[in-house]
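Chains: A, B and C, in written order; residue numbering restarts at 1 for each.
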Amino acid sequence: MLDSRYKHIFLLPALLALVAIIIFPLIYTVRLSLSGWDVNFPELDYIGWDNYARAIADGRFWDSMGTLYLMVLFCVVFEYLLGFALALMLWKEVTAGRFFRVLFIVPMCVTPVVMAVVWRTIFHETLGPMNDVLGWFGIPAVPWLSKSGPAFAAVIIIDVWQWTSFMFILLLAGLMSLPREPYEAAQIDGAGPIRTFVHVTFPLMAPITLGALIIRLIESSKLMETIYALTSGGPGSSTETTSYLLYIRGLREFQIGYTASLSIIYLAIMIIALTIFARSMSRLMIGRQGPVRA
Amino acid sequence: MAEVVVSGVFKRFGPVAALSEIDLTVHDNEFVVLVGPSGSGKSTLLRIVAGLERQSEGSVTIDGRDMAGVAPKDRDVAMVFQSHALYPHMNVFDNLAFNQRIRGVDRKTVDARVREVAERLEITELLRRRPRQMSGGQRQRVAIGRALVRDPRIFLFDEPLSNLDAELRVRLRTVIKRLHKEMRRTSVYVTHDQVEAMTLADRVVVLRDGRIEQIGDPDTLYERPANEFVAGFIGSPAMNFLQGEAAGGVVRIGTVETTAADSLSGPVTVGIRPEDLLAEGAGDGASIRARITLVEPMGADTLVFCTTEEGQELTVRLPRYTAVRERETLSLTPRPGAVHLFDPETGQRLN
Amino acid sequence: MSTLEPVRERVRGVAMTGLRADLYRVLKYAALIAWAIFVVAPFLWALSTSFKSDPGVVGGATYIPFLEYEPTVDGWTALFRDTSSGGISMQGPYLSSLVVSLISTAIALFLGTLAAYGLSRFTFRAGPLGNNDITFFFISQRIMPPAVLAIPYFLLLRFTGLLDTHLGLILVYVAMLLPIVVWVMVDFFNTVPIELDEAALIDGCNPIQAFYRIILPNCAPGMVVATLLCIIFSWSDFFFALTLTFAKVQLLPPTIVILNSNKVPWWSLSASALVSVLPLVIIAFVLERYLARGTLAGVIRE
């Protein structure tokens, strides 16, 4: 470690920026959640815990949370399985490997909401190619955006299309950083490809896998933009995620105080859920000593 | 002209004391080597002199000027690192010239100085290369060159040869020694290798657990180590230690006797260097009998490892042509006057 | 992973032989090609659609120009025409997006790199919290959903008169990008040995010179990765652009989404989508070079 009087010059600007742009607004949100600020009464009064009491009884809010978690679960599981499979296939020297790698990371780079606009034309029931292609295989047209089940599936398909690439690149980077010696040892011990994967690759990848899963869980729980462009939360409220509901309540209906309380509850639940997930997964995958530090 | 005075320096990392009570004066033009096992605080001391680390207590002065609050760049010191620390994005020429350029020395002078130093270290043909395109030895030469270009008041070396193979280490050691003879600059050199310490130093400082165990020139250190630790640390193979009993001007080691100060009495630790054990005993009661367990011919001499009847391990250095075989028994006597006596409790020297 | 001296790609794993290996190869390429088709399909569909006109769309899905429909460039020229002449005039939003994302990237990069260097090189203490906690504090900001921050941002920008301005949006984006920069750069700086800084300090640099003359040039790949990620995230943001700007400032993503709900024909919609993601596709090509090298591996191991 270096030692200098100058050291604060490096850290402080960013830290202050972060406090100003994130922490202060967060505290302000807490204060807002205790007020009755809305369209008719835009002031920072104090109404105690009323908003929170109302939030607890708000079925639509809890439904949106359920929708979100179900979506996130499907998305992250598919993305992990597909991403890991693709990474394993492109890990070693492969003909045209670079071509596939470049292609496979394109989706994570492009604007989700713009792609959702394109996907909307693809999922169009009569004019879109999705049903057309399904028709080639004799599958009857699916009412993609007008029935709740298919709409839910459509959101997941888009998310998997977009973010499998992210899992892929994280896991590929992880695979490429693995040490060589365990593989040589496995080879000397006469382990076949499947045993090598189960006993060497998978355990070695555990910390990276865990990191990748957590990153994706965090990012996918913000799911809102695709839904905004694709289904507007419908049909009914079958694809309405928490972020989308917060947007509607807060910046469409201007129930500022109430939405602030929903935000706080949502944030608290998310942090707790992520912590529990991270703890239990690291125990499950890596054993009790916790993740290996790089 | 540069004299470094370290007085009363302590360095603590949290509750751990890395250095305690360090008092050391490095005289003008002197080559001082700090030696000790890892964790002895030798590098920390060097870094405090360089200004890379701040002492918790005490003071460092260079030429009488207190260095408190003086940045490394303003101390007029140059340093050679163990990991060479050459700038990877610059070629050798720029690496050598960087310290001059950043100090605003004009282009022509820089050019001349760099070429002169490159010539001196025989690295002229490497000037256009990047560090990664060179071998370890070449890199370390450049790192030394970077210090030379500075022509600083003080040279600091932090284990500069530790990452090199044995042969290169010897070669560069002589390069450093020759440079010091020519330039006569105050130098402080850190190493864990006591051979380097002995060959390079005007004076050696032996450190252990953040304390100075002994300061002295190489001969003194070897011939009159101040305590058991220094005695064991300096010299290779290490000194043998035996149990002895002192009484009435005589120290008894088993059946062997050597003279000692009259005042000495009670148990003592006897230290005898491997070359000071002579295999010329008559085989009578006045010698240490030891069974040979291993023979290592070294070329110039032969190392013999043996076990006494009391189960004590001994190392003996014998002349090259001594015919010895494993499982034979040697009769050993200490060379007169070459016996070191230490207090078994404190480890301090008694004779 | 050493960024200074990239290690040659090494072959790991256990080789299979004979028939099984051949079968595996066939299946592997089939899977890779299938996924590749899935990945490019939306782009190809949009590309095809962008050259269509009414007959190519209303009769059901068509794919191949000349064969299935008569291509026109109407969708593409619409990008430059005013709404009065049936166009969607994308130049304004494009320029706005460019300005906002480049400026916010530059600021976030500047602040974030300094902070990351500080966290990598110096010891900071704030009560019981040390460097790792501060680093985590930066990175943990990614947990914050935009929907939670949108309301306070909306009110704060309104108070300060920055609602619907470029500056207001840039400030918000800086907050959004800072964690990404710190995340990538701390790890990068950690791979550069601290002796380089020390050598520079002794050579005559002050800490700030040591940073930008010695360490920064050796972290160029990290800077590239951080820059590209910042551009991707700021260029692609929709939520803040939607909620914090309305009339005066129009960025690409909200503009396109609004076109979508305004029943703009599919061909100009597709063309606008394609031009808006084109820079990102180019970025993907550059990014792959750096990411696949294992640049991120250390970063993920938290």
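Odds and ends about this structure:
Here is the rule we go by: a contact is a pair of C-beta atoms (placed from the backbone, for glycine too) under 8 Å apart; a residue touches a chain by one contact, two chains touch by 3 or more.
Treat the numbers as computed from the prediction; the structure is a model and nothing was measured.
Remark: the per-chain Cα centre closest to the mean position of all protein Cα atoms belongs to C.
Of the two interfaces, A-C and A-B, the higher number of touching C-beta pairs belongs to A-C. Distance between chain centres (mean CA atoms), chain A to chain B: 58 Å. Averaging Cα coordinates per chain places chain A and chain C 16 Å apart.
The residues of chain C that reach two or more other chains are 198, 201, 206, listed in rising order.
Chain contacts: chain B has residues 52 touching two or more partner chains. Annotation for chain A: residues touching 2 or more other chains are 2-3. Across the complex, chain A is touched by residues 52-54 of chain B.
Residue ranges on chain C touching chain A, taken from their complex, read 1, 9-14, 16, 28, 31-32, 35-36, 38-42, 45-46, 49, 57-58, 60-61, 63, 111-112, 114-115, 117-119, 121-124, 134, 137-138, 141-156, 171-172, 174-175, 178, 182, 187, 194, 197-198, 201, 206-208, 211, 232, 235-236, 238-239, 242-243, 252-253, 256-257, 259-260, 266, 269-270, 273, 276-277, 280-281, 283-285, 287-288, 291-298, 300-302.
Those residues of chain A lying in contact with chain C across their complex are 1-4, 6-11, 13-15, 17-18, 21-22, 25-26, 28-29, 32, 82, 85-86, 89-94, 98, 100-115, 117-122, 126-129, 131-133, 161, 165, 169-170, 172-174, 176-178, 180, 183, 186-187, 191-193, 196, 201, 207-208, 211-212, 214-215, 218-219, 221-222, 224-225, 228-229, 242-244, 246-247, 250-251, 256, 259-260, 263, 266-267, 270-271, 274, 291-294.
Touching chain C in their complex are the following residues of chain B: 50-52, 71-73, 77-79, 81-83, 85-89, 98-99, 102-103, 132, 146, 150.
The touching residues of chain A, counted against chain B in their complex, run 2-3.
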